[in-house]
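Next up: some structures, all given as structure tokens.
Both complexes below contain chain A, partnered by chain B and then by chain C.
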Partner chain A sequence: MMKGIDTFGKANEIEAFGKAGIFSFIRALNHTIIFNKIITKISNFKLVSVSGLFSKFEKIAKFFSSFSLEGKIGVLGLFCIFSLAIFAPLLTTYPPQKITGNSLEPPGPEHILGTDELGMDIWAQICYGARMSLTIGLAVAFIAGFGGGALGILAGYKGGYIDQGLMRIIDIIMALPSFPLLIVISAFLGPSILNVVLILVLFSWAKPARIARSQTLSLKQNPYILAAKNYGAKPFYLLRRHIFPEVLPVLFVLVIGISSHAIIAETGLAFLGLGDPTSKSWGMMLNHATGFRSIYFTPYWKWWLLPPLFMLIFLLLSLAFISRDMESILDPKLKLKKGF
Partner chain B sequence: MERESNSCTCRLFLTLFVLLAINFFLPRMMPGDPFSTTSADEAGEEIIVMTEEQRLYYMHYYGLDNPLPEQFLMYMHNLIKGDLGRSIYYKMPVKEVIKLHLPWTMLIVVGASLISTSLGVGLGTLSAKNRKKGRDRILMSFLIAFAEIPSFLLGLILLLIFSVYLRLFPLAGALTPFADYSGPAKQLLDILYHAFLPVLTLSLAQLTGVYLLTRNTLITVTTKDYIRTAKAKGLGEKLVWNRHALRNALLPVVTRTGFMIGIMMGGVVLVETVFAYPGIGLTLRSAVVARDYPLIQGILLVIAISILLCNLLVDKIYGKLDPRVVI
Partner chain C sequence: MVKKKLIALFFCLAALLLITAGCIGQDEAQAEPSAKNISETGSEHADVVYLSGGDYGYPQPFTIYPRGPGSSKVGMIFDSLVERDEKGILPWLAKSWNVSSNGKEYTFNLRKGVTWSDGVLFTANDVKFTFEYEQKNLPVSGGIEAGVVDHVQVVDPNTVKFVLKQPVSTFLYKLTGFKILPKHIYKNVQDPVGFLDPKAVTGTGPFLLDEYNKEHGTYRFVTNENFWGPDTAVKTVEFIPVSDALIAFEQGKIDFTGVSPDTLERFRADPAIRVVQQPAFWGYQFYFNMNKCPELKDRKIRQAFAYAIDRAELVEKIARGAGKPGKMGILSEDHLWYNPTQPEYAYNPKKAEALLEEAGWLDTDGDGIRDKEGKKLSYVLSLGSGEVRIGELLKERLKEIGIDIQVRALEGKSRDANLRNGDFELLISGFGGWGRDADYLRTRYCDTDSQAGSVASGARVFGYHNATLNALAAQQLQETDEEKRKEIIYEMQLVLAEDVPAIPLYYTTSYDAWRISKYDGWMNMYDHHARTHSILSYLKRDGLAKKR
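So, the complex of A and B:
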């Protein structure tokens, strides 16, 4: 994908230099516009839809190339884990929840990463566990991020009692010690994936709501929004057309942060034995492995405990790299402030 | 100014009240009750199954058959008197159970906050002095990557490396079982030996925050006019850094240390589970498993109050340290 765009860029450059003068001037003005123009010229002969596709590709490639090296590694890592989760049935030969071998087999040709105490394939558990972690992370992040964001925007836009009330609730939620409470609440609600997601959402919507609110408050005063209002724009139109698109990028960075928090929290809960006992998440694997009596005196930990541990750290580091990069792309001033 | 301060305290009490309410109602809504799961984790121990009659008797004995509002009032009343109820699992007052385990948690949390603060300030200063040089870059990217690993995974790695693979440190516990100490020095040594890995885990997890804060504040502070003046006066490099720059840069670190203790109190549950360290975190876990309501309530309360108190204390201290800040 990257290569293709690059050669296109080169051709574009050569053409521009060949025609010199006005062309390079336009190029200096805006690279994308001229690129799209050339594409449309080409697509006049071919398919029109190619243009849209290419400009989309270019957008993604451009976005990707603005990442730092760490960010690229993060994107690649996340991509790997996603494909592990999506293609889990193709990548594994054994189902994760079935007894397919002797118990505690070391890694070998039959079972790539060996088996656990019940004789279940660990590689299969890792692949299917990726589904678990990603699902919980994404579900919590999207519900909390966009739900909280919507609430925050609403509060910021409406003001008055709604705003005051919401802020008080947010203050309290943010002051509560979340993890000890998480433990107790999830013990009370009973272990199931849905409950874990709900509890995590309950504790993570406050931050995006607060940030969306403050963004909305400052946006609301902008002349163009006041002008739109004077022209008779309805509140819903204003929110949808002007405010939400502005707040969206910030929410997106927050969503990545929330998803990594959610994954950590889910793992922590599962590690304590409060996850869904029927699921095979990475945290559950850690729980089973560390719960196995005298595992540390046997060599079993090498293939039972290490794989989920490394996968988790890999996933969290990938997410962190991406979120750091997104932050600095979004707000170059932040980069200076943080001293990078 | 006075009103602002009052609203802060007021919010604190509101949070505390919400916490108490959650604390009280949640365990009572949990599935199961403490008497249907009076069993033990250990194999070989006898599992006691109660008859319905016995169960009702115990429900009455512990006051669990009263209406909820009445129970809540009782709870608040007892709380004010300092009575946290009786643990059903340990069969002794919750206060005693917490008293037994809290010192271990305090030991590792306070130890870790001291270590991570001092180490973080040291490394931050080093980094700020060598800004944009190789040493700064390496330290920075290393520590930032480190910060993303949650403390219990870090603890697990440290446990695997130092205790399992190298066999340098103990796998579990806070004291050597059945040890016969010849003197208090030996005992202290044993305690430190057992606390080493948990403290290391907690302090490594918090190190990056302090480090980044120190580094960035120092870099901001060194661009200030009074630093240039101090340098122009001919003061030595060391004097300028230690007296003028670092002293001012340390103010936010104080705040950070306070919040850090709060964060650690939350994360300590998992870390203690990893190292089987007998603090209140591990106790909370066993209490949840055993559905021991009063103990869960008590421990949550202790953790929550210590976090809230830390935050309050930080606010107050910061106001004293830095007169520019209006609380």
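So, the complex of A and C:
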């Protein structure tokens, strides 16, 4: 409690210096503290579940500790960006699409990261842009990763014509040059977030499908699965109980890879002007900033071009770290289980 | 080891972020321009001048692209009967001319001994041929409107007479864009659009096309040694591709560039570089499609748009101060015949809301968008991908008065096509030519005539009709007395400003910069914004091209 009061006092001090922006940031942090407290209070009510929750938490902590240092940085980074996206309305004082300041204000107390040429707050655009990048990245990754994975498992388990047909389709999709086609299709369909997601899904489900299929093919031959089958287990039960959990870790690694690919692709499309032109994504910010005439001859690139660029690098680096670690953690486990 | 490197990389990036964040607010140390001895007068001739290139089509009148500086490249090779300088029209291929008292016959005395670049003599037959050829094959720009000229008569090899159907005040002006074609070459060409032979660029003009590369967007023009007129001051003009004009200019790759207002100080301080502001003859227009959205036929709604759009803010934010807010009388302040007494339409959302309420548009369901009889004031605004920021700003301003806008960014060419075909609700397009003879008020806003093939569309396409305006336009076209015509144009501006058929958002007044030690002969035609587009910019200013 004392600590809370302390931060409040400091915040008042800072406010006295006229740094309202930082104050709002700290206030927002306090919001999250309160939020967390509420959550713990709610969970206290269900006394029964607490021990379960605790053990689960312990499990997660154990899992987390098996990460390498850069993996931990990655998880922390991703956590930061996620909280940026989720608590965007609390972390910002201005909506991202409103004109709230003068044109190209440098960073200052009114606008923490300054404004763009229309007078829109850049910090707000960064926060809401995180939503856009994460939404598109996650949506594409989950639809393509698990959808494609499910298709692959089905094909691997069923075999026969379905398998053959699916494999040929995958061959074709994998052979297509994805980014040029991406540009052509999105130019043709017109800019909208849904279109971008659909196109990206179309080009990224093939890899998880193929890997899930090969995993299923090798798992299918395991004696315990054959035994379960002989005891009368139905295909759906087998898939759900035995095969899917085994394939899941590999899919997870792929999902992370796809999500970073999707984020890059979305940014690339936006940068080329093929995204939704009025959306506030990091790619669009980069597009507008680089589209500003001779921005490198002016000081504006420092607060207009760099923040989205760094956020993007930060997010992609975090994802790359995590996927690297996931691979090394999950792979030996997988091998161990297969060795049964 | 790899692990360590990765961590190091991560921290390096984080450190870089902090370092650059620290930079903000500090003034950049301005590099002092090195003291050089440069004469204030500047160079009056140059062997080669490099300009920023880009593909604008093969430089003959039928194959250039409608958008961009294609026609100025045609003008380097082909001559017209009359040319434009800083003050007005001057004799060019025509030495002198007489106009009959009824204003219907123009007799031109052509220059003697002018040859085409292949050595064939230029005669009155070429002029007659060009007129007749272009009636069948429309040139991209500079064609004479159909129905103006009755016939062309060759009096003798050096005299040609244009007989008009009725007096047309702008006829001589229109001839400045009428480039004469060689009869002995084009008479055999059935399809000039596909005529990409080197022979197609045989002209009487001061330059020859030495090289054209469509893929790279390069042109090289060299001096035509047999040119009849003043000597060229620039022996070779070369258009080369550059990714960023300003960087190329700093590196000395090009000798002339546009300068964005934010980088102005950098060049102003340097006495070796001349920086001059262009007149406001290039502008963005906001179109209403009254064919598709009949409710926009109500003048009050269009006026509400005009009051709600903060045009001064557009100039300040999008043009970065290098522009002038649009005038509802269409003509820009810099135009010779701009009427200063027209209504202002300064930014006033209260007035806009009052106008909408007067017209019966209220927000009945509380969603922030005004509606009337089930129809909402919600529109799709089509624009080119370079105009997205204008769209964003308009969206914000129009939301304030309860008009909903969805911005649809298109590739420039498809936006132009949509404008030509009337396939839009609201649209923004930017184009030049706002400094031309005020007769364009007729071709753009009267539905009696429609200008085809241009980037600015006629009123018929967007469904605007105003009988008063049509009558005034017809009247000014036939009025040969300058003063009286000016009065009619003034009145037309008042009618347009009252009616708001379209909103000129703003006119750009960009800055040009060039090194005076390299070449300093750049000039502006009295009706045009770009210095590099005028043929006189490349010629010695003596003889008939003497500075007036």
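In this text, the second predicted complex is superposed on the first by the 283 of 340 C-alpha atoms of A that agree within 3 Å, B and C clash if a C-alpha of one lies under 4 Å from a C-alpha of the other, contacts with A are read in each partner's own complex, and residues count from 1 in each chain.
In this section, a contact is a pair of C-beta atoms (placed from the backbone, for glycine too) under 8 Å apart; a residue touches a chain by one contact, two chains touch by 3 or more.
The structure presented is a predicted model; accordingly, all values stated were derived computationally and were not measured.
When the two structures are aligned on the shared chain, A:176 is found in touch with chain B, with no touch to chain C. Contact with both chain B and chain C is seen for A:313 once the two complexes are overlaid on the shared chain. Contacts of A:273 after superposition on the shared chain: both chain B and chain C are touched. Once chain A of one complex is fitted onto chain A of the other, the partner contacts of A:187 extend to both chain B and chain C. By the touch criterion defined above, A:69 reaches chain C but does not reach chain B.
Taken together, the two complexes place residues 70, 187, 190, 273, 296, 306, 313, 317 of chain A in contact with chain B and also with chain C. On chain C, the positions that touch chain A within their shared complex are 3, 6-7, 10, 13, 17, 20-21, 23-25, 28, 244, 246-247, 259-260, 262-263, 266, 316-318, 320, 385-386, 388-389, 391-393, 395-396, 407-409, 411. Residues 70, 168, 171-172, 175-181, 183-185, 187-188, 190, 260, 264, 267-268, 271-274, 286, 290, 296, 301, 305-306, 309, 312-313, 316-317, 319-320, 324, 337-340 of chain A touch chain B in their complex.
Within the complex formed with chain C, the residues of chain A that make contact are 68-70, 73, 97-99, 103, 106-107, 114, 117-119, 187, 190-191, 273, 277-278, 288, 291, 293-294, 296-300, 302-303, 306, 310, 313-314, 317, 321. Of all the residues in chain B, the ones that touch chain A in their complex are 11-12, 14-15, 18-19, 22-23, 26-27, 29-31, 140-141, 144-145, 148-150, 152-153, 156-157, 159-160, 163-164, 171, 212, 215-216, 219, 262, 265-267, 269-270, 273-274, 284-285, 288-289, 291, 296, 299-300, 303-304, 307-308, 311.
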